[in-house]
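Quick one: the structure is below, and I'll ask about it shortly.
By written order: A, B and C. Residues from 1 in each chain.
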Amino acid sequence: MRKFVLSMLVVLLLVSSACAEVTSLTLALRAGTYSEVIKRCLPAFEAEHGVKAEVLELAEDDLHSKLALDAANSEGAYDLCMVDGSWMAEFSSNGVLADLGALGVELDDDIIPAATKISYYGGKLYLVPYYGNVTVLLYNKALVNGKPLNSLDDLLSVCRAAKESGKKGFIYRGDTENNLVVDFMPVLLSFGAWVLDGNNKPSVNTPEFREAVKFYLELIATGDAEAKDDLIATIDSGAGTMGVGWPGWYLPSESSNADYCAITGRVSNDGTAHNANVYGVWTIGIPANSTHKALAAELLKYLINPAVQKSTVEFGGVPCRYSSLTDPEVLAKFPQYKVVCAALEGGVYRPVIEEWTEFYTILGTELGNIFNGVKTVDKGLEDAQTALEQLMN
Amino acid sequence: MMKADKRFAVFMVLPALAVMLIMTVYPMASTIYYSFTDFRLLRRNISFTGLKNYASLLSNEYFLASVWNTVKFSLLAVTFEVVLGFLTALYVNSLKSLRLQKVLRTVILLPYLLPTVTAALSWRMMLSPNYGIVNQFLAPMGLPVHNWFRDIHTAFAMLVVIDVWQNMPFVFLMVYAALQSIPQEQYKAARIDGAGTIAQVWYITLPNLRTALMLCTLLRTIDTFRIFDKVNLLTGGGPAGSTTTITQYIYNSGIKSLKFGMGSACAIIMTGLVLVLSALYVRDIMNQRSI
Amino acid sequence: MSSVILKNIRKSYDNESFAIHDFSITIADREFIVLVGPSGCGKSTVLNMIAGLEDITDGELFIDGELMNDVEPQSRNIAMVFQSYALYPHMSVFGNMAFALKLQHTPKAEIDSRVREAAEILGLTKYLDRKPKELSGGQRQRVAIGRAIVRKPKVFLMDEPLSNLDAKLRTQMRSEILKLRRRINTTFIYVTHDQTEAMTLGDRIVVMKDGRIQQTGTPQEVYSRPTNIFTAGFIGTPQMNFLDAELEIRDGIYCLNAGGVITVLPQDKQNNLRSVNPQPVTAGVRPEHITLGDGGKFSGTVDISEHLGSTIHLHVSTLGTDMIIAVQTMNAQKGFASGEKISYSLDGRFIHIFSKETGKNLERYDYGTFGL
């Protein structure tokens, strides 16, 4: 008996010391294609550095609150994290993220410049754009039938025609305030309007804003609100015509029913073009309280290496790099990356303000009221403006 | 001897007490404390703001709407759950074939055994305007394909339907068990006294089930008041806030934006409401016991 | 105030086997009849069929001359008292007693007076506002009876009403039921498994076993002329003793040969046994009919002696079996010790002779004199 206990102890000691030798990095990532492509790159890094990488795959809201909660601890649970651009202000002003420059990470010219707009805060680098998510227009090929989609007027006429033929026109996501706001943003931008003015004050009750909402009401009257999966299925099956989507949602091919294109930012065919594609770029940062910052920086550098990023393309990765997006080999296989590249170059980040979560909740609530006929355009926007001004004070 | 016994007793209770303190009292106390502050996660400094959170909540039309939605949801769902569960139990209990009773019992219980998330997602699939089985039934009958969760007229009702579907079996089970324990001779006596089927239900079944029904109502009220996963997964509180319950409001305005002070105040108000509502039932159940 | 007639009543739950076989009896107006038998004999089933709580599979039931097979329980004008009292727990004593009248929409004043009258009879007046939970077993039973009598039924059905009471209370309630009967004077059908209740309460007793009537008769008849071994053993305490014996005819006279001892049977039995062939029989003798005495032809050994006060029960090994002998204490000169040898005699007048083959009593009373 004593022998048995002793031998068990020895085994335990061996196992625990073996465990202690391998450093383990914990990655908090946005679940979906975003984390999938990173997971595919990990084995090579693990082998090279003799580390183990644990991946936590989280939904967007979950990721946000987990990172925020963990930031309060002196020793953080995560070593590398995906960050949505809209959290940047909140995170950087509260010291959640580590200065990447100090860890030897820097951005190169290969990365699409517009995407790096939110990377710096106070002159320091905190976030590296990784996954080039940007809104595109997802449409059903048969229903569009080669008609031009060069302006919002074009979209409206195609959608109306579809509705007349008994199909749904424009589909938007109506399930959360965030989705309501984001899906509306390309139209808003096309009208030359924005949610904030030049002084970062709310500007949702302007004439341009109202115009944009009124146009959007006409557009969504041709279809309906659906959840993401339904939206994709509706457009793919040909029950609906088009909607605002993301490259990660759909893999178009010669034979696929749907395809996507960049949103031109023009209201009418002779109007001015605005940057109208909204970024949903997933960036990567390192939590300031990570216990393995140096190693995490190594991993980050490895992940954003142009060759490594290019290798993710075939699994659905969308690098924010010219070297990947303009590569002839890539384009031969995935011609839609040309569209993505264009959209990324003309992309707009959601406002980098600390109150963004509350901001979109308020705006989304009022937009929901307007879209569902609970409030008039004027009343809804007025209420939104009042509440937002109160918030930003 | 007595003293040692007492010390031993205290010693034995300590772990449970400690767990209680850590798991219940501490979070409760901090929630109450935070509700009087402007605590935001990520911000280091917390300052005491008194009743400001409560005042701004009670003057916020969307919060008040969420309270009303919750109360409405709770009342509707509990009413249907209790009535349907009671009627189903009555029906199954009245079946002559014990084997059929057994089969039905299991089948009826199934929805209750599903995790809420699974149930919600199955319903989302069933009611999907694309591949949903419900719409596939409606379409051939010439009925319009409906977007159940995105229509301001149907979304709330769908949540009630799904909650009733999932939780009616709980009431069924409780009532069914209680029905089995009613002495048959009471029914015999009532039949001889001239009570028909309805009079038997009214004078014998219902009074005998009183405690069980009150308990079901209490538990279901508390539970429906806390509804979150179904709302969050199926409607996200929309369309146009028509399905925003208190918990969804807390999630949107407290948790997502990390305003824990505000969220705590919300939670305290909700707890207060549940307490008031359930106090009525609890008192009744206690009275029943003492007879 | 009505007769109850059961004609060839049968009950089956599965259409294959019968719980009640061919049950027929005519119960006279104001008669007190007791159905008695071991548990599972079908006595409660018969009562439930009379009440209308169970369907009659076959046969006819008449109450007061009317066919009642398909009449609802409440329209049969009967009342029933259950073993478990079956009081409505959420109603007061008053509510319980008033329930039937309330359902019939009887005027309030009348309900009140009838309930109070019944409560008076049963001594429940001061408990009218209590709930059943607050009453003792005996009081609950009274409420159950009260609930039945306020309805002024034609037939009063009682299903083991005293079985849930303790022995002392049972004796007391038994005499109260007798008093009640005198007072309300209606037809009673009473079910019990307790032969003492049957003997003391019934005008007539119906002994049942396995869904069949074994014997119907007054307590006296059933006691002294049991038609078969079952009835003989079921009625009377302590139980009748049974021994193997031979019925013989010696010189044209019926004799009983038990363990070699010949007992000549008396004249009335000679008549009753007329034309019965000599055969092996089971002889039955009640413990109280055995006489102890030195002159006895039988002998045995005392195993146990139970002193019950007025009587002593001796368990005796004799004739290859165990026998109980009841001795009146006043006749016993001394106590009995275990292992003590005794001798006793049997009185031919009190010996019952049953066929070994069928268990039936071999005597035919129809031509005979009345036994004791």
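FYI, contacts are C-beta pairs under 8 Å (C-beta built on N, C-alpha and C of every residue); 3 or more make two chains touch, one makes a residue touch a chain.
Because the structure is a prediction, the values reported are computed rather than measured.
Asks: Quick one: most central chain, C-alpha centroids?
Replies: Answer for the innermost chain: B.
Asks: Would you identify the chain whose Cα-based centre sits farthest away from the centre of chain B?
Replies: C
Asks: Roughly how far is chain B from chain C, centre to centre by C-alpha average, rounded to an integer in Å?
Replies: Roughly 57 Å separates the two chain centres.
Asks: Roughly how many whole angstrom separate the Cα centroids of chain A and chain C?
Replies: Centres of chain A and chain C (C-alpha means) sit 90 Å apart.
Asks: Report the inter-centroid distance (CA atoms only) between chain A and chain B in whole Å.
Replies: 36
Asks: Please list all residues of chain A that touch 2 or more other chains.
Replies: Residues: none.
Asks: For the complex, which residues does chain C have touching chain B?
Replies: 48, 51-53, 72-74, 78-80, 82-84, 86-90, 99-100, 103-104, 131, 133, 147, 151
Asks: What does chain B use to touch chain A in their complex?
Replies: Residues 41-44, 62, 124, 128-131, 147, 149-150, 152, 235-242, 252-253, 255-259 of chain B touch chain A in their complex.
Asks: Quick one: which bits of chain A touch chain B in the complex? Just the residue numbers, please.
Replies: Result: residues 61, 64-65, 68-69, 71-72, 90-91, 94, 96, 174-177, 180, 224-227, 229-230, 233-234, 237, 239, 355, 357-358, 361, 365, 368-369, 371-374 of chain A touch chain B.
Asks: Considering only the defined contacts, which chain B positions touch chain C in the complex?
Replies: Residue positions touching the partner: 183, 185-186, 188-195, 199, 203-204, 207-208, 210, 291.
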